[in-house]
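Following: one structure in structure tokens, then a few remarks.
Order of writing sets the chain letters: A, B, C and D. Residues in each chain are counted from 1.
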């Protein structure tokens, strides 16, 4: 796993069930709400400091996701994606990256092909069985509660970038 | 249980405590909110692909439920239902289905008679005692967190429709 | 405990941490939100059918609570209460009930005196230590997730009213 | 730990992941929501009664936090803080307090330096590893679900102020 993590130059994540706990709150007026983790947010900030890129590929679209992606300074955001693997391949081509340089984090059947294609694939405890069987790593933290932060730390530690980062936070 | 699942041609679900975790969020202005699971949503998409129908029978009414039902392409939605068993019977009659072809998922006393009447009745871990005793199957996943998805997978697997479905998601 | 439950003619509940899980959601515009359990709601419906009364005593005030109380047909609602024991005593006097005919459900220090005064006092797993030590019964279900329903069932069973109620829900 | 708690004259807390469970809910319209615990709220009320001061230092800014801080009568609120340790030191200087008289509660890397500097540093079960290793105490209760209340009780008990407080709530 560490060998896979060492090569990563981009972390690509699904939204619902990965950055959130997989629930969407619906209101009376067509309004929708999603819950995001501040720990995941800090994770992206750390990732970007080391020069690793980030992207979101989601089958849905919502302004909550757009806002969150902007705050987290996610490099690339693909919404309303029918075929995630296709977008994954185009994205790598555009950035001139190889599949083994991409970490993909997904949780359901729409993510399965990309989970199989990514050099380092990660999923969460609540993922569907098929994705859990195909992924290289299952996080201990739950989706929407630090799972992506855990994945990012794992990569930064494998790349020996963690200790220097931590020092910048000490007094 | 598999014998019961094999015959199912429609999956009928309650909303609160089945598609949601049983809580309703209330705001300052009479506004209400309900949380739905994207995993359940994917479950209905899979169900419909195999030609099995779906319906919602709920004692309450809210625009959140209407929106969610529309997105999930639920075939029939009955709101403000006082007597669920009556609606269940009418629904089967209209669709020319027998009780043994209907799976009903409910969690509280208002669901009890329908749980007793359906060919395959399913409930959730947080259901009331009487419903849990009467149901044929209790999901492992919690309501609002994949319980309905689990029920749907169970039916599709019993009907040997699962492997072909999964193949369409692989790379 | 059953002897205490047998005498109950009114169930009086606190709101935050009893009917809810103890969290209040705050929005950008001074808006507040509280989560209520549909299982608790069904509990109050059952309680009222047997002629037992209900009341809410809360130190706070919000339209969410007013709306929920109206839906649940709670007989008496006291908001912005500084001294809960005082209101508890006045309420009993007005209804000509004795303390041993009142069940009180609370979870924090503001409830302590009333927990000590009620004929049958109930609290929840997340209550503060002092209230848990003073209460006659601690529910197994969490607050906002069926704790009040559990309390109501306990009372209706002790009063031998449960079996007849359940029969009305069977097919 | 009790020796550290005895000297505390101010409790300073982070918001996200300490007063909340670390999730922020995003709506369709740029609206944000945070969940706070009424048990924590009661904790601040008890703290202030004994004359101990309180402060919030947060890297973010939201009207939900402002509203909550006002309700809780938090003495000092610092928002949009880039360097928490700097603000922590200025705050102590302004109030003429020594580091050993300050309890700081934080959960992530932005809190690490202040966790190392405070006389009594507390964190929560979901905190990042580095903060958990540096803190003097890890609460049993989760953030957003009574962690700060637990910290406050610990301090008030160490200062022998708890029994007198409790008496005021008894009947």
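In the analysis below, contacts are C-beta pairs under 8 Å (C-beta built on N, C-alpha and C of every residue); 3 or more make two chains touch, one makes a residue touch a chain.
All of these numbers come straight from a predicted model, not from anything done at the bench.
Participant: Look at both sides of the subunit B and subunit C contact and report whether the same residue positions are involved, with over half shared, or different ones.
Facilitator: different
Participant: Only C-alpha atoms count here: how many degrees separate subunit A from subunit B in terms of the superposing rotation, rounded to the nearest 5?
Facilitator: 90
Participant: Between subunit C and subunit D, what's the gap in Å when you average each chain's C-alpha atoms?
Facilitator: Centres of subunit C and subunit D (C-alpha means) sit 31 Å apart.
Participant: Centroid of subunit A to centroid of subunit C, CA atoms only: how many Å?
Facilitator: Subunit A and subunit C have C-alpha centres separated by 43 Å.
Participant: Would you give the residues of subunit A that are in contact with at least 2 other chains, written as numbers and ranges?
Facilitator: 25, 33
Participant: In graph terms, with chains as vertices and touches as edges, which category applies: line, ring, star, complete, or other?
Facilitator: ring
Participant: Spell out the part of subunit A that touches subunit B in their complex, as residue ranges.
Facilitator: 16-17, 22-30, 33, 85, 108-110, 112-114, 116-117, 126, 128, 130
Participant: Help me check something: in the complex, which residues belonging to subunit C touch subunit B?
Facilitator: 25, 31-39, 42, 46, 62-65, 67-68, 144-146, 149, 166, 169-171
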